[in-house]
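In what follows, chain A forms one complex with chain B and a second complex with chain C.
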Partner chain A sequence: MGNFFSSMFDRLWGVNKELRILILGLDGAGKTTILYRLQIGEVVTTKPTIGFNVETLSYKNLKLNVWDLGGQTSIRPYWRCYYADTAAVIFVVDSTDKDRMATAAKELHLMLQEEELQDSALLVFANKQDQPGALTASEVSKELNLVELKDRSWSIVASSAVKGEGITEGLDWLIDVVKEEQL
Partner chain B sequence: MSTHTYKKFENAGSGDLPDRMTIYQDCMSEFNESPVNPKRCRLLISRLLRLLAEGETFPENEATALFFSISKLFQHPNDSLRQSVYLAIKALSSISEDVLMATSSIMKDVQNGSDLVKPNAIRALTTVLDESTAFSAERLLKSAVVNKHPSISSAALTSSYHLLPIAEATAKRFVNETQEAVMDLKPFPHRNVVGDYYPNSTFITQYHALGLLYQLKKSDKMALLKLIRQFSDNNTLKSQLAKVGLVKLVSELVTRDAQLFSSFQPLLNNWLSNKYESVQLETAKLITNFAIQHPHLVSAELHASAVTTLQSLLTVPRVSARFAALRILNRVSMVSPEKIVVCNPELESLINDPNRNISTYAITTLLKTGTESNISSLISTITKFIHEVSDDFKIIIVDAIRTLSINFPQEWMAILNFLIDVLKNGEGGLKFKNNIVEALIDMVSFVPQAKDLALENLCDFIEDCEFNEILVRILHLLGKEGPSTATPSLYVRHIYNRVVLENSIIRSAAVVALSKFALTKNDPTLGESIVSLLRRIANDQDDEVRDRATIALKFIESAKKEENPEAREFVQSRYSYDLPSLESKLSSYISSNADSFQTPFDVTNIRKYTEDEAKAIELKKKQEQLLKGHLENGSESTPGLEEGSKGEKRDSSYAGPSLDEHQEDLRSTKYAEELLSMEQIKEFGPLVNSSRTIDLTDPEAEFVVRGVKHLFNNHAVLQFNITNTLTDIALDNVTVTCTPENPSESSLEELFSLSIDRLSPSQEAACYVAYNKSEEIVMEGFLNNLTFTTRELDPETQQPLDDTEGFQDEFDIDSIFLNAGDYIKSSFVGDFTNAFDELPNEEVAVYNIKENITLQELVDRLVVNTSCLPLESTQYAPSDSSSHTVKLFGKSALKGEKIALVVKLIKTSKGIAMKAQGRSEDATLCSYLVNGLM
Partner chain C sequence: MPPLDKRIKKFLKNSIRVAPKISNKGELAELRSGLVSQYPQTRKDAIKKTIQQMTLGKDVSSLFPDVLKNIATNDVEQKKLVYLYVMNYAETHPELCILAVNTFVTDAQDPNPLIRCMSIRTMSMIRVDKILEYVEIPLRRTLQDDNPYVRKTAVICVAKLFQLNKELCIELGVLEDLVCALDDNNPMVVANATASLSEINAMDPTVVSLLDLIQSHVSQFLLALNECTEWARITILGALAEYTARDCVEAQEIIDRVTAHLQHVNPAVVLSSVKVIIKNLVQIEPESKRIVMTKLSSALVSIMSTPPEMQYVALRNIRIILEKYPTLLTKEARIFYVKFNDPLYVKLEKIDILVRLVDPTNLKQCSVLMRELKEYAMEFEPEFVSRAIQGLAQLAIKCGDVKFVSKTFEILLDLLESQEALKNDCCIAVCDLLRHAVGNEKLATDACQLLSTWPVNETLLLSDSAKCNYVWLMGQYPNKFDELQDKLLCFIENFVEEEPLTQTSILVTVVRLHSKLPGSVLQNVLELATNQIQELDVRDMAIIYWRCLSMPNSDQLIAELCSSVSPQIENTLHTFTSDVLEKLLTEISSVSSIYFKPQFDGPRGAVRHHNVVRGRHIDELKDLAKNELARKANDDVLLDFDDDEEDLVSPRSSMAGGRAQSHMDDLDTLFDFGTSSSSQNNGNDNIDKGVADLNLGQAEQQQNQQQQTQTQSKINSNTQDLLDLF
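And now, the complex of A and B:
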């Protein structure tokens, strides 16, 4: 079944078609860690991202073109330069950083208003679940006011990038939605 | 995109530039495409780069859009595409905004990229970093510096060099890695890609590492000395360029501290026989240049070895080495020609070198090493040669001959014949002919014996000359010089021919020249013929010619009838104005236009020169140009030295001012104008004389002070120009106090002193102290003290911090002396010996100078101290002789009495014996000057 599905997808989109995915979120949320966890399956030591990292990876016979954009205040204004042709956005939240939940919510909603992202699916990672005192996924969802989102496929998944938990589950959901929507 | 344009610039040979807008749009659409097509993107980037390389540029918003779309190409892993992307990033980073967005992606390549893209990534990295992001690249760059791959290491080293101005603190921490990179031999090219292009591998990273290491340590003299010891001792340095770099480093150090030179002599001697020609050349250059600045610090043997090395390089097969050696010898020849006379045989055979640059240089060098005995034979060699070379070389040769005419006035016959020959027979353009005419004008002005013959030949020349510019100059010269010759009517005939035959520009010039003959004393009948000629011309068809003739007639008439001195001035003026100050006054008069030009322009405050003064100024300029042209070339090899300090170094060898003559002129004009515009000083009447600028502090002091002495009929004013070199301190209430050396005996009475309210960082301003003085010559020394209140400034606003009071401080500056020389102006006389013999009032004084200085230094000092003009080339003391005679001529700035000095110098083991013999129309001045030379 899965095989049939993907081969049909290939036929429709051409084998070379890549899916463009953006990873956004405040600085220190774990975006870069998630990107490389996806690409090489390991935890790398990171430094604050000045600009962006971009990697191409294969996931379930699909070519994903994943952009991890830096989250510092000075870099957020440039996110919009990379919005075009984006199939999906992964928004990463540090679940232990209660002080900046409001900021995260503001940036998220600001981004989703952009014309170019109207058709993109949204996956939120409530990251750093391995840490004591982390808010649960539903608590994060409330803080981010996700219920308000209309006309958009979205989901929130509890994750730990360092332990590798939740990441594939989240991505599986995202791929399914994207395939469905593109069909 | 139109296919038409695509075709057009796809054709590589077409040379057409792609259209900027087309490229922009193509880039924007192609680079945002997904998936990326690397081949097409590379092609587009190369077009974009070509456009930028041709000087085309993009407005900031477009450049930024391009930059961002190019940054998206990081998604594709193709190495060749990546290399193009880096080239584009480097090219765009200076014209677009927000380039920091590429930082992380570049750093990833620096860390994990292939060896192929790593160097590109490293070089691009510094163009996007700023002070705040540099530290995150620190570890990456450090490890790239010590990378085993030469291209990666070199890229990191050169990039760190460029990082210095951006993030000095970060780059300064690379010292250990850089040191390691010098020691670690990395053959380049990597992995034996030796082919035709690289016959041998080099160790170029050493050169890059040494360069960076110098930058990192350059303010620490001890560290640099250690560095030289370390890298010169054993055979650490394998790179030829690195070795040359080390020589340059020594050069830099001895320029900063001349006393170090002696400790380097063995090393330099060693380098003179290094296996690389470039090292030999650089070392010889260092030694000979240093010897010009500090003759007594270089041993005669070392200098001779340097010359021998250069001499043998004159015969090597490589053209560039021959040329370089010749160029250095040429410099030496300007100051110490006797030291390279040994090279004359080689130089003579280079006259026939197939490379014309070399043959021309050989000739000009020979002209300087030439002695009275071989000048004329040299000139005849050149006469044969000159018609075969191109205009450019002809001009160089003519200029060399031109200086000869000033240095060897006794050879005037041979020189004049040469010039006349090339003028009449030489084919050539305006510039060439003009230079010959200039040379002849020099001879007319400065070599009286040659005057008549030169003028006659210029007359012949204008009978058949196609260049208006030259004709006009010659006509002017004839008007100026002709009336005082033995046969003025001869010139009148030639000039009048021009009126009959030439166009209106030349006719106008001829009219003015003619009118100058109207008041000739030698030939009173001439006046009448001039008047009748002018009457005839007053009917010319051209307005300008008619006007000039009419006004000339009016002047001549009133000059004759009423003995009207003003009209006489207009016909044949005895003065010329100081042109820079006339120009600046006129332009401010025109631009201010206060009352629609109701008030006439006031010329009284503009300095005027009599003919001998003007000639003295011009000759001095020529003398110093010779030296300066030489010294400027000489110090070009010193890296990292600022313009200012270069000037100061020159200062120590020639005790004149630090700036070149022209700037000194402008500066003294500016100073005089500032001074005379002050109310208190206007009352002192006209300015009689101003000294040159004198350094009163170390040129590297925190506060640099320069002094100027101004004389008025009944007053003297000392001017102190203070420069605040600090960046964060302002000085308030800056005052100079001057105390006469013998307060009880001083005949000067202080009137007032003007201070500076605030001197901001890197500003220059002046304090003045004014004195009452009798009309006589008053001499005095002053001890000077600078006082001020320091105020710390807020680095943001550059305003003083409120909470700081500032504190009083003082600063000692050198004494200033008002001496006999300040009452003298340079003056030119054609026949010195005759002039000296005719003057009354002789005074003789003998000095014994114990100080360890060379004859040349003493001569320089005499020229400055006396303010006189050295004549007959006596301003050069030959370094191979122990005696020398200087001839100086000047006149009193107060009343114009002439003064001539003959100073004989003999150098012995005990010092220098000096006998000065002076003659003047003013006995007091003469006695003061002769007895106050040192």
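And now, the complex of A and C:
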């Protein structure tokens, strides 16, 4: 009942819900760089995130509450603490890191099995395209076994956080999907 | 300025409070849903409720990740609440703390100095190794902060870090920054840096040479003294008290600067100033010494108008000072008269001070005090009365005048006759006086006349020392007692049940009077004392007498022993040995000045060990948590958790079956630690405490054994799981 009223209230006053978006991925994939690329449009020098960064940003009249969680092995188990109420997941992959592609795939599928993430959209950034030897988006997609994903809207976008390529395209797609589903 | 409708929207959004859903999952689920709510106000309410539950003692640690999510906010109040929660549960959930690291580091750069300060303070309060690894950058940054409020916190954090991880602290080189902070232009920072340095120095004197630093900064300290808060003043005064002036001019200068603070309203500042002045007093000219003494005495008198607790502290400190400067407060005796509404503990101390501060050559003052004490002896509180009677005897002995002694004696006898209950204390006091007035036959006759009328078999004399004194009196003046033999036999009958003092006294008296007693009595007592008494002193004494008696020329020897005249006692007031006194004078206004026990010199090994134990304990908890998570998540990745921690000395017990041997080693070190700390404690204090410590050590050992068995069983149960996971 309370939920009903509060959602009524939201619509009545046009108060938009914040959309919770998680940025996940192995360590050193470029999550924090993408987050601050989105927020302030600049490349910031980052240190490994121990814990999380959270920023609120407005994008196309939507309020996005973006959580960037650290990717260290030691922190990955705690990702689950942040799954609740998540509209979308952005999974960032270091396209040059061929050795750990399998680990990334495992983490991704493990995460997607979670109950709380069944309804969230997935956007994969095949990041670091500016570097030599980077796998293309389709190669990454193959490595990550993305085709296996059913019942979920997903997309993969080749990106370079440093150059700012592909980030907005990816986000545009994500927002469209999320808008359709959530609002 | 955004348009009006947007502002209204924002306002509404921020102030929406969603009514808590009544769920059947219980309170925790309710709180959790509040914590992840999309409305900031609701989240904040939920945090408050969580902390409320936490302070009530309920375990809300399972909400840790959810509470932690709320740490990223601009709201100072909310941040503070989350920090509070994190601090409280950090020790039980060390592994979850690392999620907060990034926020701490970010907050240390926040534009708001309050947040910067809060983040560094909280970070250094979390006793988790994992956090300490990341403390470097924020700590360095805050030490160089523009805002003195942040700097003053950061310098304290250096000491905290040092306590938690000495090696890391030295490696980071923050100690140099700390030393630089002594030159800071803000007095608060200087004071906190001093406090921090003295803490570090107390933990490990080899790291920084505090004395040299104080020496080179004395002028800064003296300048900062006038500008900082009272607590900072106490710290700086404490540092000044460590410093010995080069010559009489410098000593005079320090005294001049510090004297102003004798007027301070905070008694701790006053006492600290007293400490500094007393330290320098020995060096200055006798002329100016007199002026300083007057100021000192008026400062001490002014503390006597504070609440009783502080009066007590002041009185204990005054007692130390009086021993060095007995005439300091002679003119102020009136201030120390007992007021009817003083609490008992203050009353007792006041009597002690009164007896100490009178000038024994000033007969008039002595008699005034004697009348005062006599009044006290008429009061109703038994402890107070007995202290007053003791005071009377002490006063008479201190004064030493024959007339005065006999007058006191009369008072005591009067008191004896008026009140039955005072018999114990009067008996002791009378005997003390007799020991002082050796050879005064009149006093002895009067005393014995009165005391010999007491029926011994009744339980009149209760306290050990009263009985002891009574028996002594019989031995000393056997001719003045009627029915001496019966009385003594009465005591001997209960010999085994008596306390050690009385037993010794009986033993001595029986040996002294053995010629007057039936032959079997002596034999009997000696046998009892050697066979049935556990007390070593009594037994040894009996054995020695027995030996003497069994020697060939025993009669002569015993006669020699018995007829020896004990020296006249000059003073029954307790005094310190000179080196204890000097140490106590440098520790005025500290706890040791209240207990009259000087601080233990040398590193505070025991304290540090204690922390190590705590750390280990945390580690074990950490492992428990880890194992639980591992089982739940069934995720091998989790076991990598410790990889970057490999260099730490902490025992990661039960991590793998293959490392069981190393656990045993760890446990062995734990075990060793238990014994070594107890032996350190032993060295730390006097012998009678050592016995207690020994017990402590045993308890610790037992604990360790328990831990050992626990861990062993843990290893067994977990090995299988963990091997699977690997």
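Definition applied: the second predicted complex is superposed on the first by the 167 of 183 C-alpha atoms of A that agree within 3 Å, B and C clash if a C-alpha of one lies under 4 Å from a C-alpha of the other, contacts with A are read in each partner's own complex, and residues count from 1 in each chain.
Everything below uses one rule, namely that contacts are C-beta pairs under 8 Å (C-beta built on N, C-alpha and C of every residue); 3 or more make two chains touch, one makes a residue touch a chain.
All values derive from a computational prediction rather than experimental measurement.
So in the superposed three-chain picture, is A:18 touching just chain B, just chain C, both, or none of them (first/second/both/neither)?
After superposing on A, A:18 lies in contact with both chain B and chain C.
By residue count, is chain A touched more by chain B or by chain C?
C
If you stack the two complexes on chain A, which partner ends up touching A:128: first (chain B), second (chain C), both, or neither?
In the superposition, A:128 contacts neither chain B nor chain C.
After superposition on the shared chain, which partner residues are touched by A:179: those of chain B (first), chain C (second), both, or neither?
So A:179 meets neither chain B nor chain C here.
May I ask you to decide whether A:76 touches chain B, chain C, both, or neither, giving the answer as first, second, both or neither?
The answer is second: A:76 touches chain C but not chain B.
In the superposed arrangement, which partner chain does A:85 touch: chain B (first), chain C (second), both, or neither?
both
Check whether A:51 is in contact with chain B, with chain C, with both or with neither, and answer first, second, both or neither.
Once the two structures are laid over each other on A, A:51 reaches both partners.
Look at A:31 in the shared chain and tell me whether it touches chain B only, chain C only, both, or neither; answer first, second, both or neither.
Neither partner.
Identify the overlap between the chain B-contacting and the chain C-contacting residues of chain A.
Shared contact residues on chain A: 17-18, 47, 49-54, 70, 75, 78, 81-82, 84-85.
So in the complex, which bits of chain B are touching chain A?
Answer in residue numbers: 32, 34-35, 68, 71-72, 74-77, 98, 100-105, 107-108, 133, 136.
Spell out the residues on chain A that touch chain B in their complex, using ranges where they run on.
Interface residues on chain A, with respect to chain B: 16-18, 20, 47-54, 56, 65, 67, 70, 75, 78, 81-82, 84-85.
Which of the residues in chain A come into contact with chain C in the complex?
2-3, 6, 9, 13-15, 17-18, 47, 49-54, 70, 73-78, 80-82, 84-85, 110
Taking the complex as given, what residues does chain C use to touch chain A?
Contact set of chain C toward chain A: 9, 12-13, 16, 18-19, 21, 36, 38, 65-66, 68-69, 72, 96, 98-103, 105-106, 134, 629, 633, 635, 637-638, 640-641, 643-644.
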